[in-house]
Structure formats: C-alpha cells, structure tokens
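The following pair of complexes shares a single chain, chain A, combined with chain B in the former and chain C in the latter.
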Partner chain A sequence: MKNAKKKLIRYLICIFAIITLNFAIPRAMPGDPVMNLIGEDVMVSADTLNQIRSEIGLDRPVYEQFATYLWNLIHLDLGYSYHLHADVASLLCERMFWTLLFVGIAIILGAITGTYAGALSGWYSDSKISRAVTCVGMAVSCTPPYFLALIFLSVFVFRLGIFPFKALYDEPTIASVIHHLALPVIVMTLFSASRNFLIMRGSVIQEKNSHYALYARAKGLFDRGILWKHILKNASLPLITQVALDFGFIFSGAIFIEIVFSLNGMGTLIYDAILGRDYPVLQGAFLVIAITVILANLLADILYGIIDPRVRVNER
Partner chain B sequence: MNKKGLPSLNRYGIILLFVFLCMALIPSFFSQYDPDERFMAYEDPSSKHLLGTNDIGNDIFTELIYGTRISLTVGFASAIIATFIGLVIGLTSGYYRGNVDEILMGFTDVVLMIPKIPLIIILAAFLRPGIWILILVLGVLSWESIARVVRSKTLQIRETGFVMSARCMGFSPFHIMSSDIIPNLTHVVAPKFMLATAAAMISEASLSFIGLGDPSVKSWGVMISFAFTKGGFIREMWWWYLPPGICITLAVISIALIGFSFEKGKQTVKIE
Partner chain C sequence: MKRPVIELDNLSVTFHGDCDLRAVNQVSLSVTRGEVLALVGETGCGKSVIAHAIMGLLPKEASVDGSIRFNDMELLSLSERELADIRGEKIAIIFQNPSLSLNPVYTVEHQISESLYIHRKTRKELAEKCTKNYVLKFGFNPPETYLPLYPSQCSGGMNQRILIAASTILSPEIVIADEPTKGLDRERVNETGEILRNLVSEKGRSLILITHDLEFARRISDRIAIMYSGEIVETASAEEFFAEPKHPYSKGLLNSLPENGFVPIKGSSPSLTRPPDGCRFHPRCMYMNEQCAEEHPDLKPTGNRKVRCFLCH
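Here is the complex of A and B:
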C-alpha cells in the first residue's frame, strides 16, 4: 500500500507542476505579460485591453493571481481565445474527441501488432524474415512521424488517389469517417507498433534463454505453447510501462500527423495557434494533453498491478 | 571494450555517421555551389543541379549538404546538455542515497511524465525561433532516462571495493565521483547519449516542420518544412522533400545503431 500511496503523491505533484508551469510561463517570458496571456497580433481596442489587464490582475501579488488561476481551472475555465472568439475549454473539448479517437485506435492496434510481431520475431530471432522485419521496424522508429505521413500522403493520396486528402469526413457517416481516418491511423499504428516491436523482441530474446522456458521445453511443451503461454506474459511487463510512457510521445506524433493530413484535431488547432501566436489555446492544449498523459500512466500502473502478481503481493 | 566483440551492424552505423560528419565538417568538398547562390527557381534535377532548385532558386543538393552541420549540431549539443544534467542528478542521487535520492528521483519521475513536445512547443512559441534556444530547451527537457541509469549504476559502484577504500582514505565525495565512479559509467551513459542525440534530431526536425525552428539556418527539418509550405509538395517535387527526410532517418539510424551496439557490448562483457 505504501508504494501505491507514494505513486499517487507523485502523480499529484506532477499535475501540480504542470499547472504551475502553465501559470508561470506566460508571466516569466519576455514581452508584455498581458500580450503573452491573450496572444499576440490580436485586434482588441485599448478599452478591452485595460479591462483584461484589470481582470487578470497582474498588479496583485503572485499568490493571489495563482489562486484566481486555480479557481478558474476548477471551473474548467481555460481562458478565452481572442483569435477564434471562443472559449478555449469548449474548443479543446470538440477537438480532443477526434484526436483521442484516432490516437486510441492507433495505440491499441499498434500494441497488438507490435507485441505479436515482436514476440514472433524474438522467438525466431535468427530467421531472415525476422531480421528483415527488425530492420524495417528500426527504420520506422527512427523516422520523424510526420515524414512518414508525408510519404504516405504523396503515395496513396496524390499518386494512387485511394484516400481523400483532407478533413475528417465528407458527410457525417461512419463509413466516410473511416475512409478519411484510415491512412492517418495506419501511419500512427506503424509508428507505435515499431516501437513496441523492438521492445518486445528484445524482451522475448532475453526471456527465452531463462530457466523456466528451458523447463517448459523439457516438460514437452510445443514451441508456440511456450511462447504464448509462458514467455509472453513475462516479456510483456516492460512493454506496459513503455506503452504508458510512450503515450505522450505517440500523442505528440499524432499532432504532426494531423497537420500533414489536415485533420481537424488538436494538432491543427495547435498549428494554427502557433502561426497566430494564440497563446491561450496553446496553453490549454498543453494542459489537456499533459493531464491525458498522466492519466494514461496511472492506468498503466493499475494494469501492471493486475498482470504482475509480484507487485500486488509487495503492496499488501 | 574491444573492437572485435562489437556486432557487425555497428560497422554500418559508424560508416554512415562518418559520412555525415564529413558532410558537416567540409561541406564545400561535396558541393560546388554556395548555399545562398541563386539560380532559376523550381528546376528539375539535372547534371548541373543534382536535386534541382527550390522556390527561391537555391541548389537543393547544396542545401542538403550544408544542413548536415546544423542538424548534427542540434542533436549532439542538446544531448551533451542532457547528459551533463542527467549525470549530475543521477550521481548525486545514487551516491548520497536516502532523502536526497528520494527527492531527486521523485523529481525525475515527475519530469519524465510531462509530455515533452507540447511543452517545447509552448516554450519555443514564446521564445521566438532560434537555434541555440532550441538546443537549450531540448537539452534541458531530456535528461531523465540518463539520470535513472546513472543512479542505478552508481548505486552498484559505490558498494565496490575501490570506492570503499577511497572513502576510507578520506577522499572527498566529489573526487570519488569524478575519478572513481564516472569512468565506470561510460558504458551505460554512452548508449543513452547516442539515443538522446537521435531523439533530439527527430524533435528538431518535427519542431522545424511546424515553424518553430530557426528559418535563417536551414537544417533538414526546416528544408522539409519549406518544401511543404512553399509548394514543393503540391508540385510533387519529391527530390525536394524526400532527401532531407531520408538524411534525417539515416543519421538517426546510424546514431541509434552505434548506441545499441554499446549496449550489446556491455552485455557480453557481463557474461564473460
């Protein structure tokens, strides 16, 4: 139980750190903090500017500002985008759904294919196919995700014309959404699968030389039986932590892939916010992404406890 | 570690990296033009311009060669910063143990969970594009895994006989760390250093792509970004956007391969 408590405290500190960073960055950066808080190149009258200045209360002490900031956060008030003339929270909500959908599918598919292929490749690590696949996996994991997306876009959309080149759907039907999301999901899946593949392969190679694998063989179990029933369970332990830590990385990759495929998700929102220096949106996006990543880590910790009995025993 | 024990993959990695290093150090040897020299815009590849020219008429091949230096500099410089921070935190944490360890490793865990790319995007957006700022931000945000391996290795080393005797002889902790522990950390730090370089290069390319790089120094990422925004992509000028991307991938692979072979070398040493 002590371990779990310690972990929970770390998660809480992490969330607090992210909120503090989000609070501090616009105030600490060079330039007029009001401009930093509402975004540059905004068309607002001098009156509105003064009103905002008094609302944010930059003349008040820092702890008071921080308290107001927290109070707003609790009420899900992430500020107002003067570029898009909308509430940041509602903007993010709408975009987040699509990004989560697309990242979620890709991570699940990537975990399944990566684990499966990695386990096989580790088991038959000397075969030619296994080596070829490892080279491909290595190459994919070393490519910036958006570059992979660019290649796919140019081959499958511009050259072959199989997939549409932008937007989430033509008409809001499931078939249309699938057609539009297929290519980005494939790219994302390849990317996350390649990382899982390499870890799983290494992990299986390590486990297959251990004593219990030898014993299982001596007992007369079949090859595949040893792999899927005994080794997979032990070898997938490092994978779970990795998938959780990777979540942030995959999520960042998704941002770039969305930009390439012009999908209306978080990525394009962030991209437009960068181009227009729309800081409230950028900050809101960072906060939401960071909290999602932390939740994913929490989930992985719980899963780890369910799968690995040793963790449960230690905690009692 | 002897050269013979290293696996064969490593050789390709070293050859590749050597080529890239040559391109970075003596770019004028590879290309006949100056990177700022202007010709006709949007030219197709020919014997005069191996990869054609871009929107303002610069020779793309020359740009590619000169971009090597920038991309590699960003990678290695930020990895050096990250390694330094990771080494200091890991060493202190592993050597002093106890409360110091608890606090520092808690801090590391917290930093490890913060998603890096979105944070870098915010910082880079506020700070305005600049190559040194990019290096600094990338370096300061990627030391956690180095700190972790350094700590666990330090925990092992501090129990060995030579550290014990050094402590008995009354050497200062700083002296023990710098002359007894650090030399024994090279084989865990070296692969991490290479991987940090590779990750920094990918991050730099990604950030440049969304316009947060330094547009005045053309790294490979900035080249792809320009090809994407200045019509190279719509015109299907694959000779413009493919080569820089392939160069990034190859450079990252070569660096990662060298890193992995360090790790393999370590394993064989252990078994022996």
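Here is the complex of A and C:
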C-alpha cells in the first residue's frame, strides 16, 4: 500500500506541474496578454481592453491569479474563447467526445489485432508469412499517420469512392457515423496495431526461449497452447507500457487525421486555435490531453500490478 | 529379468552449427519398473541432452539417431502431437533451475494442477481438491497458505518441491530429474532425495536421476551410469560401484569426493567438437598405454557391470 500511495503522490505532483506550466506559459509570452487572448485581428477600444483585463484578473498579483486559476479549474472553468464565443470547457467536452470515440476504438482494435498478430508472428518467427507481415508492420509503423491517411483518402475516397470524404456524419444516425468514421478508424488502427505488433513479436521471440516455455512443453502442452497459456501473459507486459506511452502519440496523430478527413474533433479545434491564436482553447486542450495521458499511465501502472505478481510483491 | 520401461539403443545426438557437435555418442541404457538409475558425469558430458532427447525437447538444430523405446513404443518416430500426449502424462521431467522453470505470472496452484487440465480434462473443483491433497506430501501444510503464492514469493527449496509436485501429479511411469539438487543446501537435498525415493517406492515408478552429486546418487539410486564426454564409461549397481569403481574416470570421480581426500582428476574434459582419438579419457588417465591412444574401447561386460576400458577386460 505504501508504494501505491507513493505512486499516487507522484501522479498528483505530475498533474500539478502540468497545471503550473499551463498557467505560466501564456503569461510568459511576449506582447499584451489581453491582445493575445482576444486576437490581434480584433479592433477594440482601450476601455474594453481594461475591462477584460480586470475581468480575468490580470491586474492582480501573480499568486492571486494562480489561486484563481486553480479555483476555476476545480470548478471545471477553463476560460472563455473570444474567437468562438463559447465556454472552453463545454467546447472541449463536445469535441473531445468524437476524438475519444475514434481514437478509443482505434487503440482498442489496434491493441487486440496487434497483440494477436504479433504473438503469432513471434511464435512462427521463421515462417515466410511471419516475415512478410513483419515487413509490412515495420513500413506502416514508420509512416507518419497523416501520410497514411492521405493515401487512404486518395485511394478509397477519390478513386474508389467507397467512403465519404468529410465530416462526422450526414445525418445523426449510427450508420452514417460508422460510414464516416470507418476510414479514420482504420488508419489509426493500422498505425497503433503496427507498433503493438512489432513489440509483441519481439517480446514473444524472447519469451519463447525461456525455461518456463520449455517446461510448459514438457508438461504436454502442444504448439500454440504454450503461446496462449504461458507466453502471452508474460510477453504482454512490455505492451502495456507501450500502449500507455503511445496514448499521447496516437492523440497527436489523431489531430492530423482529423484535419485530413475534416472531422470536427479535438484535432481540428486545436488546429484552428493555433492558426487563430486562440490561447484559452489551446491552454484547455493541452491540459485535457496531458491529463488523459497521465491517466493512461496510471491505468497501465494498475494493470501491470494485476498481471505481474512480482510488481505486487515489491509493494509489501 | 524384468522388462525395461524405457530402453535407449545406440542413441546419438548431434548439434549442427558452424561445426557439428556430437553431444551424445552411442548410448545404450535401460530402466526397469521401480528402478532408480543415476546418470552421473561432469557438466557438459551430455547427461541433460539424453534427458531432453527422451522428452523430445531438443532444439531443431539437433539430430537424433538410434532408438528410444518406451513400452514398445518408438519415441523417435512419434509426431510432436503424439509426443505432447505422452509428455507430463507418461514421462515427466523435473528441470534444473526450478525458479526459472515455473511461470512467474501464474500461481503455484495453477502450475501444479495444470497437467490435470491438459491431460485429464479434470473439472475445476476436482482438480483443486486433488492438488490440495497432493501438495500435503510435499510439506505444504496447510495447502491454502501455499497454493495462492507466486513462484517469486517462494524460496528456492519450495520452488524445487513445487516443480516436483507439478511434474509428478499424474504419477507418470518415468520421471526424469535433471540436477534436482543443484543450488540447494544439505537439508533441502536430503528432503528432495526422500521425496524422489518415495515416489518410486510408493507407486512403483521409475526414476532417471541426472546429477553430478555422487553422494546424492549413492543414497537414492539402484544403478549408476557414469558418463564421460558423451559416452557411458561404466554402468553398475550402485552398491558394487561405490564398493569398487572399475573405470579410471570413475575412480577419479570417487577420489575427488571430500571424504576420499579431495584428489582432483588432472586436466579438463575434452571438447565435444573434436574428441581425442582412442579412448576419450586417455589424455587424463594415469593408467594409459599405447593402445588407449589409438583404439576406441567398447563398453564391455565384466561381471555384473559394463566398463569401457581396455585395462578392465
């Protein structure tokens, strides 16, 4: 339990550090923060500027501003976007749903297919099929997701016309959403599966030469029975860490994919915010993404403890 | 004469690589029901290779010649699928290094009862009951305290007993114990010896004990086979052997025991890729003559035993 407490404290410190950075960076930027906030292309009078300044509390000392920032965060108030004329928190919530939906599906599908294919490929590592699939896996994992997305867009949308080429849906029905999201999900799945595939393959190749695998065979397990019943659990340990670390990576990949497929998720929100210098939105989005990644790591930590008893032993 | 349960006939194992390595050369052995055969020799003399050959667990780069008959069944001609049905059920092995042979992410209970699920398709409740009763014999009392543990939470001696329990729960006809006392202290060695001996006497099973611990072999074996450089150089009943070893290498082994004055055999064991001409032991033998350097001696019977030495015939 002592160790679990230590871990929890570590994660809390991590979140606090991110919040502090998120608070400090926009304030360290050159230029007038209020001008940054409302955008340079908007013409406002000096009176309005001052009014906004005191509204946000920029005329007060830094520690007071930080306290207010934290207080607002606790109340899930992430500020107001003057560009989109909307509350940042509700904007993020609405967009986040779509991104989490397709990234989540892709990560789960990618984890399952990547693990399964990687395990088989590692088990039959000498076979020609296994080697060919490994080559493809390596190629896919080295291709940036947006490039992969562009290729898919060109082939399946422009040439073959099987999939629609923009938006989340034509009409808000599940069938329409599936039709629109299929391609982005496939691209993300391929990307995440290829990374998991390579890790799993290497891990299985390493584990299949271990003593316990030989002993499993000596007990009378046959061929893949050894793989599924003895090796899989051990070999998937590095994968858990990988999936958690990949979470942020895949999230950033999703931003580009959303742009390529014109999906109105977090990605396009961030993209537009960067182009229009919409700092409150950026700040909010970064905070949310950072916290999601930390939560994914926390989850991996917990999962690791469940699968590997040796981690639990050390906690005593 | 009792019929052998397992019989090796001119068994040779060669590993193919940059240069071929013949780890086992023309070994013939047999074990009868209720017998304990100790296979004794230095590290690298091919003892474990024989064990793995019997189990069919050798790597792909190994080629096996000769024959291994188990109850009129030729093991070398069986498919991997057929071998899998025999492994663990009819012939079981206890590996050296128990802590690595057990899977770190499964409980002791799972690993001991696994054979029941693999070979007997036992129902869960029954398997649990079986396992609980069985581990009592191994000093795990009460079983509830030990069965939920993981191998990393157990000591080396406990893991050794767990491994023996896991290999023998189906009471296989032959148990091969590969260096079961390696790395254990005196007390654990005695305990392991007793467990193995009981296994044989209670159920009339056969045991092939692979060891370099002569003292241990003396205590629990009925017959002893001494290996040197991939060959058997002497087989005899344990009693006769320890009373008077015939082969110069056997003599050397006994003299190297602490109670016999700790006299080492000079030189070191030859490389298996290029074994010496003539008798493989001749470069280290203090009785060698010209014939030993030129001709390879056969394993010939003298009295109740067999010896591979010109000087003993």
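Note that in this section the second predicted complex is superposed on the first by the 305 of 316 C-alpha atoms of A that agree within 3 Å, B and C clash if a C-alpha of one lies under 4 Å from a C-alpha of the other, contacts with A are read in each partner's own complex, and residues count from 1 in each chain.
In the analysis below, contacts are C-beta pairs under 8 Å (C-beta built on N, C-alpha and C of every residue); 3 or more make two chains touch, one makes a residue touch a chain.
Since the model is a prediction, treat every value here as computed from it, not as a measurement.
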Review point. After the match on chain A, would you call chain B and chain C a fit or a clash?
Key: fit
Exercise for review: Classify the contacts of A:Leu214 with the two partner chains as first (chain B alone), second (chain C alone), both, or neither.
Suggested key: second
Study note, to complete from the structure: Of the two partners chain B and chain C, more of chain A gets touched by chain B
Check your understanding: Does chain B (first) or chain C (second) touch A:Leu275, or do both, or does neither?
Key -> first
Check your understanding: Touching A:Ile307 in the superposition: chain B (first), chain C (second), both, neither?
Key -> second
Exercise for review: Could you tell me the angle at the CA centre of chain A between the CA centres of chain B and chain C, given to the nearest 10 degrees?
Suggested key: 80
Check your understanding: Between chain B (first) and chain C (second), which, if any, makes contact with A:Phe222: first, second, both or neither?
Key -> second
Exercise for review: Have a look at where A:Asn234 lands relative to chain B and chain C in the superposition and call it first, second, both or neither.
Suggested key: second
Practice item. Identify the partner contact of A:Phe147: answer first if only chain B is touched, second if only chain C is, both if each is, neither if none is. Key: first
Check your understanding: A:Ala17 contacts which: chain B (first), chain C (second), both, neither?
Key -> first
Practice item. May I ask you to decide whether A:Ala290 touches chain B, chain C, both, or neither, giving the answer as first, second, both or neither? Key: first
Study note, to complete from the structure: Min C-alpha distance chain B to chain C after superposition on A, in Å, is 15
Study note, to complete from the structure: Given the complex, residues on chain A that touch chain C span 210-212, 214-223, 225, 230, 233-234, 307-310, 313
Revision key, fill the gap. Seen from chain A, its contact residues with chain B in the complex are 10-11, 13-14, 17-18, 21, 25-26, 29-31, 36, 138-139, 142-147, 150-151, 154, 158, 245, 248-249, 251-252, 255-256, 259-260, 270-271, 273-275, 277, 279, 282-283, 285-286, 289-290, 293-294, 297
Check your understanding: For chain B, which residues count as touching chain A in their complex?
Key -> 106, 109-110, 112-119, 121-123, 125-127, 198, 202, 205-206, 209-212, 221, 224, 228, 233, 236, 238, 241-242, 245, 248-249, 252-253, 256-257
Review point. What residues on chain C touch chain A, complex-wise?
Key: 55, 57, 80-81, 84-89, 92-93, 95, 97, 100-107, 114-115, 118-119, 150, 152-153, 163, 166-167
